[in-house]
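Below you'll find the structures, each written out as structure tokens.
Two complexes come next, and they have one chain in common, subunit A, joined by subunit B in the first and subunit C in the second.
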Partner chain A sequence: MATQSESDDFLSEGSSSAQEAEEPEIEARVGWRYTLSQVKRDATAMAGLFVVGLMTLMATFSFVDAELFAFLAQFETFASVGVEKYWFAKHFWVSPIAEPQGSIQLLPPVGMENQFGAGTWAHPLGTDDRGRDILVRLVYGSRIAIEVGYISTAIGLVGGVLVGAIAGYYGGWTDDVLMRAAETLYAIPFLVLVLAFMAAFGRSLMFAMIGVGVASIPTFARLIRSRVVSVREEDYVEAAEAAGVRDRNIILRHVIPNSFAPVLVQGTLQVGYSILIVAGLSFLGFGVQPPTPSWGQMLSTSKDYMLQNVWFSIWPGLAILITVVGFNVFGDGLRDALDPRLKN
Partner chain B sequence: MSEPLLEVEDLRTQFFTEDGVVRAVDGISFTVNEGEIVGLVGESGAGKSVAASSIMRLVEQPGEIVGGEIRFKGETIFGLEDVERDGDGPPEKVPRDDMLSNAEVRERIRGREIAIIFQDPMESLNPVFTVGGQLREFIEINRDLPENEARDLAVHMLREVGIPEAEERYDDYPHQFSGGMRQRVLIAMALACEPSLIIADEPTTALDVTVEGQILDLVDDLQGKYDTSFIWVTHDMGVVAEICDRVNVMYLGEIVEQADVDSLFHDTQHPYTKALLNSIPRPDQSVGELNPIAGVMPEAINPPSGCRFHTRCPEAREVCTRTHPGCREVGDGDGPHRAACLKHEGVFNAGYVESESIENKTTGGFDVGLTEEGEADD
Partner chain C sequence: MGIYRYTIRRLLQAIPVLLGIITITFLLSDAIPGDPVQIMLGPSPSQAQIEAIRAKYGLNQPLYVRYGNYVWGLLHGDLGESLYYQVPVLLKIKQRLPATLLLLISSFAFAIVTAIPLGVISAKRRNKPTDHISRVIALVGVSTPSFWIGLMMILIFVYHLGWFESTGLVIPWEGPGPLIAPGNQAAALGAWTDHLVESARHLLLPTLSLGTLQMAAITRIERSSMLEVLSEDYVQLARAYGVSERTILRKHAFRNAQLPVITLIGLQITAAIGGAVLTETVFAINGMGTLIVNSIYRQDFPTIMGTTFFYGLVFVIGVIVTDISYAYVDPRVTYGEAE
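Up next is the complex of A and B:
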């Protein structure tokens, strides 16, 4: 009997979805909307997307409050109405950089206790070695991580796609020269390459980003080249050639868009990887300088206070972990959504 | 008679492969006049498509046009000249001064003057862009129109080739079109730039017969309207009869017969053409059984000596294995009719009549290779 009702359920479900399929609205099986609808069916990918979205939002907010307001404060019109760096944090929260008078150092989170005292709601995640609120520093530290992840990935993606597409489309000696150069870069360990880059140009965050970006060019170049080699043989590329379309437009409009899906996936994964690398650099003392908050540097400072307040280490570590995992599962979900063989 | 639109003379295109030089097109000559549909017929591998892409200078590595001349409207698309080098070596072939550069061919010839319709409508449209967008791009490039005018023209062309609700379908993607409709879009693309010549490379091969019929009618109508010349590459004699004015029959890189469509069908002069015609059902003749051409076409790397068709020819004689016939005027009717067969003794005078007939063991059918070996053992 139970089987009967189950099969009834199954049937009714089947027929209702069949009715949905008969809706006059034709659902395109290409394009952003379709890919997104595929991602939506995947719970882990959605969780990844949520993390990605949240982190991006947080980073945008702290970018506006830190960088944009600091920039605007240079102008009299804005400075006269009180715009300053960390304006929002100072007025509605606590400053992420100032060392507050009389605040207790190394406080644990709410509900915990250690030799310095009990956690309070004033500092939900506790305080660091200088008595600064950990939560606000985490939020403002997201800016560095996300900025670095996006910008360095953008550098690697644009550079890699151009190099790989040109190499794959023209073939011959162009291919040999470009890909051998890329593989030479590939042969050097990632971190060593970035450190060498920073040693040569400077220890600032900008060169960390550029270094990570340049170091990831070969990954993208190799990835897209393998697709371009097959796409360039497609009839529509030949048709475009026969219609007198310039090589540049053929590569940009016909070859790259049709080879882009794996690059998009790799790009998403690469953001997570770049965040990890730059956090590692910050830990080693390269990159953003104190007092500007960044996760890697928080982690680095906290290692000396682990016995007093272990939460000081756990929070930035967790932030890095969640962000990187978020980008990774989103990338995996995107790969599944873009792979036609996995569709059912 | 006025100057022909396109003149191809002694065109040779070869592919330099590891196994040797493939002589895909080996000295073909033909002309296309204004407003004419010229057929290029032959089995798979005869070199039809290579000939077609040679005209556009679209042959890709490892292929290369190594000889001959292509003239279009008085301009030289391809032409070589001999340059004597110091020393004893043979003269070197270099492009002539009046030959158009790559950029000139791309900007002035491709799309604008000569368009090409490819074989597979499923693959010839870019899947990531809308049909209308692609059509518009081609028009913008080749007609120098601003975007909105190009768009209007694109919609107009879609309507012209019989796409219903062209305005709405403009924003559809290629996968939302059927094969026949995509082929119509490709025809619209070719016609939209108002070229003088369209090379149709087996455009209806991938379609079923009903759609093929519709497309042929459409091309016939549009050809009358726009007065475009066509080179129609096909292996289908039925299509040839339906649409072409004149026909070139190709075998292994060579043209073996050249005639207007009526005399080709009713006054066939070459055994290969005859064999092709015998291997398809004809509504005007009832036959008990179709008679396919025995064997397969030999490799173009090592073409047979003498007449290239002698290995499969039912009328082959001993002389055919030695003497290679060029394509010569053989017709007695009106209009030129050229064929490359030694059996026209009056023209070739190679001693065909006295020569001994050779027994082609290939007359049996498809199992040729096997029986041949078996008999050799006996």
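Up next is the complex of A and C:
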């Protein structure tokens, strides 16, 4: 939950100065560069940023190896040199989806032992119910979580910012209609709304992302609207209006950039929240279908094997936990940097 | 504006929101793929059977007529009839609501009772070890999937220790059943005790699983709200007068810090309703959440519509009640211009 106070002038200056600052001493106090330097001094936030960066890198790598290579394999030029889906994993590691012959199922991690045998370095974190390596599936599963987190947040952020900025800028009946619509979406519990959305359009991952994105529009809309209402009264907006700048340009170039700071913080936190929601959806059986690895689905499968190999459920849970902690910590750090008065 | 006029205005404002909820749920269920008739009648029904069912559920009418009928039905308290259970959706909600309600109440009770002291202590001992521990607990709490907490607790407390139960709920107020002979008070007392113990054994793990997230969220807001109040001028003044920290905390800071906390608790209720869907699945509880999930699997669209609308209605009423009680409780809240 964002806790920005509404009558807060620091934030608006903080984000506007990037384009408008002419006096260097102002730029030293505010602006993106200043924000970044503040974040750099915050060790916890940097740890969060590190986790976020690492997960994003891992997800990008998995995306390239899975989707890009699968796409390239359609073309003769690439297929003839051996490019295929999971090419990297198959050549330098193990395939995250193939069920290897003769591999032992539900092995524990290295240094432990259970009824199926002792853990080996070949499978450092153990194996799942089909004898697949858990570590490789965790790494490739990061893609689904990160992809879903970013894309659904982007949908909610862009949609919410546009709705909220238009409502706040025009006021009157436009405001009433848009905010009542947002309130309507807000009234239905988040997960229930996403479930109903997926029931209507399909249970695939794509609709999970769109559903979570649409369901988060009201949060962003309410947040930016409360800022826009005060930014609208600023002199530079009035000046732009007097100069005859078109509404669209005023909203896009002046109103939104100057109201964006709390949205950025909420966006970072929302990525973590979306990852949790989509993991929950996968757990219920809505989302990515096997054999594609995803953390939520690994957790869902592992619940039937908890007594045999508990590590099968511990690893994906920890992966989700660490990733979401990363986004939350980084988001908190960003908020402290953008508004030091809230720093506790 | 007087409080009565304010109340009436808030009620009127709720009408478009409710209509919006009805429209969204109606359009979403209309988009559900697959023919509901086939789901009901199996793979090869006769033409007459199909026609009869279509007529019964009004499926042969155009969209706007069905929409009108649906709204008309809602106005009369009719949420439609479940395709799968073949009983009114309202009846199904009545059967399923107690378990979910019990789960929500107990998890919020747990969350509030633990989070408020934790947040206050954290603020009081800011940047001391106690504060760090409580902040880590809160951070992990908001970042952990609730269903995973549930699974891990089942493993430890059910499979390994055998202390609690992992499936279903026993509703405490429904009583131990008619097995006891009337007049035998000792036996009745014993049965009630057993019943309540059994109820607690079923309830504890789902409560912790669902309540952790609310606990963590409330702890975070309680801490930051307390810190904000503690840095206010009037608290500094009280300190300067030599008022003890204990009294400042109790009399001056605590009360004034609770408004954002109450707001957050209100907002957390919808999050908890969503979380209950997962908790009920993990613990095999026959509540509203499992009803919704199963209805989606069965493409039982009247039930999906009915439950979604029901939750929307509860939320809208909840918001109005909160707004009006603010106006009563806090004289600074002006019940005038809508924010």
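The working rule: the second predicted complex is superposed on the first by the 311 of 344 C-alpha atoms of A that agree within 3 Å, B and C clash if a C-alpha of one lies under 4 Å from a C-alpha of the other, contacts with A are read in each partner's own complex, and residues count from 1 in each chain.
Criterion: contacts are C-beta pairs under 8 Å (C-beta built on N, C-alpha and C of every residue); 3 or more make two chains touch, one makes a residue touch a chain.
None of these values were measured; they are calculated from a predicted model.
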| item | value |
| --- | --- |
| Superposed partners subunit B and subunit C on subunit A - clash or fit | fit |
| Touched partner set for A:253, first subunit B, second subunit C, both or neither | first |
| Partner chain in contact with A:41 - subunit B first, subunit C second, else both or neither | neither |
| Contact breadth on subunit A, by residue count: subunit C or subunit B | C |
| Subunit B versus subunit C as contact partner of A:33, first or second or both or neither | neither |
| Which of subunit B and subunit C A:241 touches, first, second, both or neither | first |
| Subunit B versus subunit C as contact partner of A:303, first or second or both or neither | second |
| Lowest C-alpha to C-alpha distance for subunit C against subunit B (Å) | 12 |
| Subunit C-contacting residues of subunit A that also contact subunit B | none |
| Subunit A residues touching subunit B - in the complex, by the definition given at the top | 26, 28-31, 171-172, 234-236, 238-246, 253-254, 257-258 |
| Residue ranges of subunit A touching subunit C (in the complex, touch as defined) | 1, 3, 180-181, 183-193, 195-202, 272, 276-277, 279-280, 283-284, 286, 296, 299, 303, 306-307, 310, 313-314, 317, 320-321, 324-325, 328-329, 342, 344 |
| Subunit A-facing residues of subunit B, complex | 56, 58, 61, 106-107, 109-112, 115-116, 118-120, 123-129, 137-138, 141-142, 173, 175-176, 186, 189, 193 |
| List of subunit C residues in touch with subunit A within their complex | 13, 16-17, 20-21, 24-25, 28-33, 123, 126, 139-140, 142-148, 151-152, 154-155, 159, 217, 221, 223-224, 227-228, 260, 264, 267, 270-271, 273-275, 277-278, 281-282, 292-293, 296, 299, 301, 304, 307-308, 311-312, 315-316, 319 |
